[in-house]
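Working notes, beginning with the structure itself.
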Amino acid sequence: MFQVRFHGRGGQGVVTAAEMLSMAAFDEGRFSQAFPSFGSERTGAPVVSFCRIDDRPIRSREPVIEPDALVIQDATLIHQVDLFAGLSREGYVLINTSKSFDELGLGDFLSTFHRERLLTCPATELALEHLGRPLPNAVLLGGFAALTAQVTLDSIAAAINERFKGATAERNVAAATAAYQLVKREEEELARASTN
Amino acid sequence: MTELPFAITLEVGSSHANHTGSWRVERPVYVDRLPPCNDACPAGENIQKWLYDAESGDYESAWRQLVEDNPFPAVMGRICYHPCESACNRAQVDEAVGINAIERFLGDLAIERQWSLPSPGVDTGKKVLVVGAGPSGLSAAYHLRRLGHRVHLVDAGSQLGGMMRYGIPAYRLPRDILDAEINRIIAQGVDVELNHTVLDIEHERHAGEFDAVFLGVGAQLARRVDIPSGDTARILDAVSFLHQVADDDPPLLGRRVAIYGGGDTALDAARTARRLGARDAVIVYRRNREQMPAHETELEEALKEGITIRWLSTVNHYENDHLVIEKMRLNEQGFPEPTGEFEDLGADSLVLALGQDTDLSLLDEATDITIADGVVEVSPMMMAASNGIFAGGDAVPSERTATIAIGHAKRAARGIDAFLAGRDVADTPRAQLATFERLNTWYYADAERAHRPELEIARRQNTFEEIVGGLTEENALFEARRCLSCGNCFECDNCYGVCPDNAVIKLGPALRYEVNYDFCKGCGICVSECPCGAIDMVPEQI
Amino acid sequence: MLRQIEGSRGVAETVARCRPEVVCAYPISPQTHIIEAIGAMVKAGTLSPCEFINVESEFAAMSVSIGASAAGARAYTATASQGLLFMMEAVYNAAGLGLPIVMTLANRAIGAPINIWNDHSDAMAARDTGWIQLFAETNQEAADLHVQAFRLAEELSVPVMVCMDGFILTHAVEGIDVPEQDDVDAFLPTYEPRQVLDPAHPISIGAMVGPEAFTEVRYLSHLRQLDALELIPALASQFASAFGRESGGLLHTYETQDATTIIVALGSVLGTIKDVVDRRRDAGERMGVVGITTFRPFPFDEVRRALEGAERVIVVEKDFSIGYGGVLSTDVAMATHDSNLPLHTVVAGLGGRAITQHSLDAMLDDAARDHLEPVTFLDLDLGIVELERARMKAQRHSGPSAENVLSDLGVVASRIG
Amino acid sequence: MTQRPVHFYQVGSFVVGNRLLDVADRTVQSDPQRSDSLDSGHRACQGCGEALGARYALDAAMRVTNGRLIAVNATGCLEVFSTPYPETSWRIAWLHSLFGNAPAVATGVAAAMKVKGKSDVRVVAQAGDGGTVDIGFGCLSGMFERNDDVLFICYDNEAYMNTGVQRSGATPPAARTATTEALGSEPGNVFGQGKDMPRLAMAHGISYVATATVADLHDLENKVQRAMQVRGARYLHILVPCPLGWGSESCDTIKVARLAKETGLFPVFEAEHGIVTGVSAIRHRTPVESYLSIQRRFGHLFGEHGRPDIVAHIQAMADANIERYGLMGDVEQFAATSGATS
C-alpha cells in the first residue's frame, strides 16, 4: 500500500488533489481511497488530505499517519505544522516552491532522507503561467507522477480531465505535464550529480 | 384499500356513535308566536302570513289570505288607520312596514285582475237578516255566505256602503273602488233590499222567517247642540253635509266655513269644504291638539291643505256673519273650562261635527236587549239577544272605525254560525306575542320604507281626486320584504347553518326544520341567531 | 459499473435510481453533498418526476416527507446530528403513522460543544423512534442499503434510516458500483401505500389514541420491527443474487469461527478494525469481528449466535451514554446475558477523533494481558482532564471546559486527522 | 317617488339561506347536500366557534373543489375533539401530524399530488392560533415563501384552549388567561406589539390573504371560494370565539364574533399580493365595551374595580383599525360585498 498525505491551505484544492490522485490510480486498475482531514474548510486554514493506493481493497479508514509520500502545496506551512510527522525514511517529499531546501531551512532535517526522493516544484508559478490562477494542486500531481512513479502522467491527465472540463482541463494537463518534465529533469540532474 | 392501521386511522362517519345530545340541559324548540301586527289588527287579519306570500310575489295567495278575514282590502288599504303599523316591530329598527299600502296594492290588483272571492259555502238552509249595508253589514253578509247561510241585506239608503260611501269623502276613497269590492260581495249571492228602513226588528224577523239577525245600523244621527244664532245664520251637520256631497248635491257654504268639533269627521268636513271652494275652512275645537280624537295623519293632511284650527275654543253664539268664540283653558284634571275671553270669527256657515248617535228605535219591541250610552251591549261573540240577534260596528260599544266594524262582523258571523248550529264557539287561544326583544335584527337588511306617492297640495284645492296613490308592484314587493316575520319561521336556514353540531335537520321547502336531539348539545346559538324569534329554549327534564 | 466517486455522490445517484417522488432537505454538514447532487439531478431533469423542496428546517424536511408519504408519494430526505434532533418530533411521528420514508443519516456528533465531525451520538438519539436503523460499513454498502431500505420500508410501512459515517464515508472518494437503473426497478416495485389520503376514499389519519389502545399501537409497531428481522436477511440475499454482491443483512461476521476475542462495532470503523485483526491473527491471536448492520430492530439471536464460542467481547462504539456507558454494549450484553461472557466497552472516535490501528493495537494488547477496563476511552488525554478538574476544583469561575481544553492543546488545526 | 331596484330581501342577505334567493346564490351551509366536512358527534364544547368555522370553511372548499380536497390539521382543540379514537368527525381525507408542522405536511401532500399528476386535488392546512402564529410560524413562513399550493386556515380563538386557556401570540391585550391572570397593576395579557398574522402573511407577498369571522357566512364563503380559485400559498384567518376560554355564553358565539368586527377590533378584509383590496365595512359602529363586557376574560375591566383606562386603550386600538382599514364604508357597499343583490 502506498499512502500519500497532502498539505495545503483551504482554497488550494488540497482535497481535490487527493481525489484526482485516487482517480488516476483507479484508472490504472488499482484500488485507491481519498479523503480529507475533515473540517470546516475555510480559505487559508491549513488543510490536510489523504490518498491510499493498493493492489487489494482498502478497508482502513484511519488518516494517513505514516505517509510514503508528502505533497506540500504551501511551503509557508513548513514551520507551522508538523508536516513530516510519520514520514518514513524511505519517503518521498514534493514541495511547491522555487526555493531550495536550504533556503527553506530544511536542509539538515532532510539530510537523513533519500536526497533523490526530496524534490521541489514551482507549481504555483506554472499554474499562473498556464492557468492564470495560483492553483497548484493538479500541477503538483504531474510532479508527483514523475517523483514516485506510482501513477503515470497519462492517468493523471485522465483524472484531471475527469475532474475538470474544457479549457481548464487542458491547461491543467499542460501545467501538470510541464511539472512532470521539470521534476524529471531535476531527478536527472540529481542522478548526474550523484554519479560525479 | 387494505384494512386500515389500528387506532391511528379511522373511518368516516364513526363519530355518529357519539350521541352528544346527552350533554344538553336545555333544548331548542320551534314555536309560532303572534306577530304584533296581527295582534293589533281589528279585522283580525293574518298580516304576517299574507306579507309572507306577497314577499315571494305570489300576490293572489296573499290577497286570498287577506280576504279570509276582510273582504275590503282596497277600501281598507285606503281608509284604515292601520293600528298594525303602530304595533309593527320594524318601527324600532327604522320605520314600520307599510302594511296598509301593500293591502291597498293587493286590493287594487285583485280588482284589476278581477279575482273573485272564495265561493259561498254549502247551503245550510238558514236565513240571516242583516240590517245596514255599511262595512259591518257587508262583511257580515260575506262571512255568512261563506258559511253557507242565506243573507238578506237591507239598508235605508239608496246605495250600498253606509259610512264608507256617505261618511268618507271620495278623495280618500274613490267610489269605483268601493263599488268594486261591494259588488264582489253581493256577487256571493247576497239578497239586497235598499231604501227600506227597518222599524221593528222582531216584526221584520218573523215576517221574513229569519233564523238570526245581524244589526250593522251604524251611527247616522248627528249630535246637535243649541247654539244661539241669528236667523240668517247657516248651520248644518257634518253627517248630512258629507252625505249630500256624496250624493253630488253639495249645499252652499260660502267663502268662510267654520267647523265645530275635533273628530275625523270634522276634518273630513273641513277638507271637503275647501274642495267645494271655501277660502277659509276653520276648525273650532274646545281642547288642544294632544286631546284631539281625530287621527294624527288626517290632521296633518288637513293642515297641509290649509285648514286652520282654533284650539281651546267653543262657539258661544253665531251672529249673522260671524261666530263669537270663547277661549278655554285646561284645568288640573285636563278638562277645558271657560275663560270669559271672547273673540270673533268670520263665518258664512257653521258645520257641526260633534259626533254621531245610533238610531236604535228598531229595537224598541225587542226583548232582553241591553242598551247603554246609546249603543247595544253585546257578548264577546257580538250577540245582543239570546234569540239570535247580533250586532256590530258603530252600534256597539267600541271605537268607531270601519276596520273595527269589519272585525265585529267576522266575529259575529262565527257567532251566528255557532248559534244556528246550536253550539258554542270554541275560542282559540292566542299565541304568545312576538316581542321585539326576541328578534335578532342584525339579519334584516337596512331598508327604508317605500312611501306612497301623494297628490300635490295645489291640486287638492278644487278636486276630489284621490290624494294618496298606490305603490308600484316593485315598491309593494320591496315593502312587503321589509317584514320581519316576527315570531314565525320563514325558513332562512340560519338554525340549520349555525349549529356547530349539525343537529338541525332541514325538512325542505315549507316544511321548516326539526332538531336532531341525538346530537344537539343545547348551546342555544340557533335561538340567538334566529332572526324572527321562532325558537324557544326550554329546560330538559333531568 | 465501478467508478471512483465520492460516497455522497454514490448514495445520491443510488437514491435517484430508487425514483423518489418527493425529496426535501435542509443543508447540514456532512449531509450536504448528497442533497446537492440530488437537487442537481432534479434540476437537470435526469430525476423525474420528482419534487425537490428546499425547506426552512429539518423539522419541515421531515414534515414535508410525512405529508408526501401519507399522500402516496415515495419520500426521501437526509440529515445529520443537530438536524436529526431538530426534526426529532417529526421523526417519531413518521414512525408512529407508519410512513415508509427513507432518510440518510450522515452520522455526526451532537453539541455542545458544537462539533461537525463524525460519531454515532445522533443515531443513538433516534434509537427508540420506531425507525429501522441500518449502518453502512463502506460507501458501496451505503449505496446498496438505500435500495433495500425503500423496499423494506414500503413492505412493512416503517420508515428506515440509513446511517453512514459523516466525512469518513460521505466525503471519501473510492470505487463504488452504483446500482443500475434496470436492476433497481426490478428489485424495487412502485410504492403501494398501505393507507393513503384520497378524496375518493376519505379517511382520518393521525387520530388521538388514549390509554385504551396506545399500548396495542406501540406493540404492533414492535411486531412490525420484529417482522423486519425476518425480511432484512431475505432482502439482502435477494439483493445479492440480483446485484452480485453482499450488502446489508442483520450483521456481518469476520473471522469469528475460531475467535476467542470478538470485536463488535458499527459502521466504517470496521474496516480499520479488520486490518488490525488480520495482523494480529498473523501474530497468532484468535480474533474476529462482528459488524452490526441492523441496529434497530436489534438482532439479538444473530448476535448471540455470532458471539458463541468467544471468551471476550470488545464493543468499540462511537457513542456514549453519559453517566452510563456504551449504548451498543448494552444491547450486546442483553443478547449475551445468559452466558457470562466478559464484555468490554471501548468508546472511540467521539467528535471525529481518528481511530487509529495503533491505538486499537494498544487497546488489544491490554485486552490480551487482561488489563482492559470494562469501559475504556480510546486515546483519552487524561492530562488535559486532570488540568481541567484541578481548575474547576480551584475556582468556581473556571470558565468553559471546551475552550480551556483547546487552549491546553494549543493549535488544533495542526493535528492530522 | 324614486324608483329603486328591489335589491334588498326581506332579511337582507345576512341569513344563511334566504328562500327569496336562487338556490345557487344561497350559502353552502343552506344546502341540504352540504358535505358536513366536520360531522355530528364531535366533542367540541357547546357553542364552539372553531367547530363552526371549520365546517363553514371546509364545506365551502369542498364545494369549490367538487370534493377533491385533502385537509391537514395541526394539533389542537380541533384535532382533539374531532378525532379521538375510535371516532372521527371528519368526512374528508384528513391528516394530523404534529402541532407545529401543518404547513410543511400540507406542502408534502401538495407536492405528492403534483408529482402524481393529481393537481386537481387541492390541499388545505388548518390550525389554531397557537399552531399558526407561534409554534407553527416557522413552517408557515417557509410554505408562504416557497409559494406552495396550499390554503392555510387559522382558526383564531386567541389562546391555547386545548391545554386550558394559556396565553398565545394571538391573545389580545388585557385578556385573562391561565398564564396571564387578572392580577396586579396591568391585569391580563400585556399590551405588546401584537402579532398581526394576516399582515405577516401579506408581507410574504402571497397571492391571497383574507380575514373573516363565523358571524358573516357569506363573506367567509366568498373568501374561501376566491382563495381556492388561485394557486400558490394562500392564507385565511378566521376569528372563532371560544365560549370556554373567553367566558362568553355558548349561545353568543356568533354575536361575539359579530361584535369583534363591528367594534373594529377585528378588521375583516382581504388582500392580494400584499395589497389590501377590500374591507367589510362596519355596519353599526359599536363601542368596544359591548364586545368586552360579555366576555369574562375581560371581566376585570368592568364593575366596581373596573379599568376604564384600559378599556379606553382598547377602544383606541379599535379606532386605529377603523382608520387604518377604512372600515366605515356605507352599508349598501357592505350589503353588496355580502352578496345581497338579487
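Chains: A, B, C and D, in written order; residue numbering restarts at 1 for each.
Following the convention adopted for this analysis, a residue touches a chain if its C-beta (ideal position, glycine included) is under 8 Å from a C-beta of that chain, and two chains touch if they have at least 3 such contacts.
All values reported here derive from a predicted model rather than from experimental measurement.
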item	value
Chain whose Cα centroid lies nearest the overall Cα centroid	D
Of B-D and A-C, pair with higher C-beta contact tally	B-D
Inter-centroid spacing, chain C versus chain A (mean Cα positions, whole Å)	34
Length of the line joining the C-alpha centres of chain B and chain D, rounded to whole Å	49
Length of the line joining the C-alpha centres of chain B and chain C, rounded to whole Å	93
Rounded Å distance between chain A and chain B, as computed from the means of their C-alpha atoms	116
Set of chain B residues in contact with two or more other chains	7-8, 10-12
Per-residue overlap in chain D, given as positions that touch at least 2 other chains	82-83, 85-86, 88, 90-92
Sites on chain C at which at least two other chains make contact	97, 201-207, 209, 213
Topology of the chain contact graph, where touching chains are joined (line, ring, star, complete, other)	other
Full enumeration of touching chain pairs	A-C, B-C, B-D, C-D
Chain B partner contacts - residues on chain D that touch it in the complex	1, 3-6, 8-20, 26-27, 29-30, 32, 36, 38-44, 46-49, 51-52, 55, 82-83, 85-92, 217, 243, 249-255, 258, 283, 331, 335, 340
Interfacial residue positions of chain B with respect to chain C in the complex	1-2, 4-12
Chain A-touching residues of chain C, taken from the complex the two chains share	4, 6, 29-30, 116-118, 165-168, 171-175, 268-272, 274-275, 352, 354-358, 411, 413-414, 416-417
Parts of chain A lying in touch with chain C, wherever the complex brings them together	5, 15, 18-19, 22-23, 26-27, 31-40, 45-46, 48, 50, 58-65, 80-82, 85-86
Residues of chain D that touch chain C when the two form their complex	67-70, 72-73, 79-80, 82-86, 88, 90-98, 100-101, 104-116, 121, 138-139, 141-142, 145-146
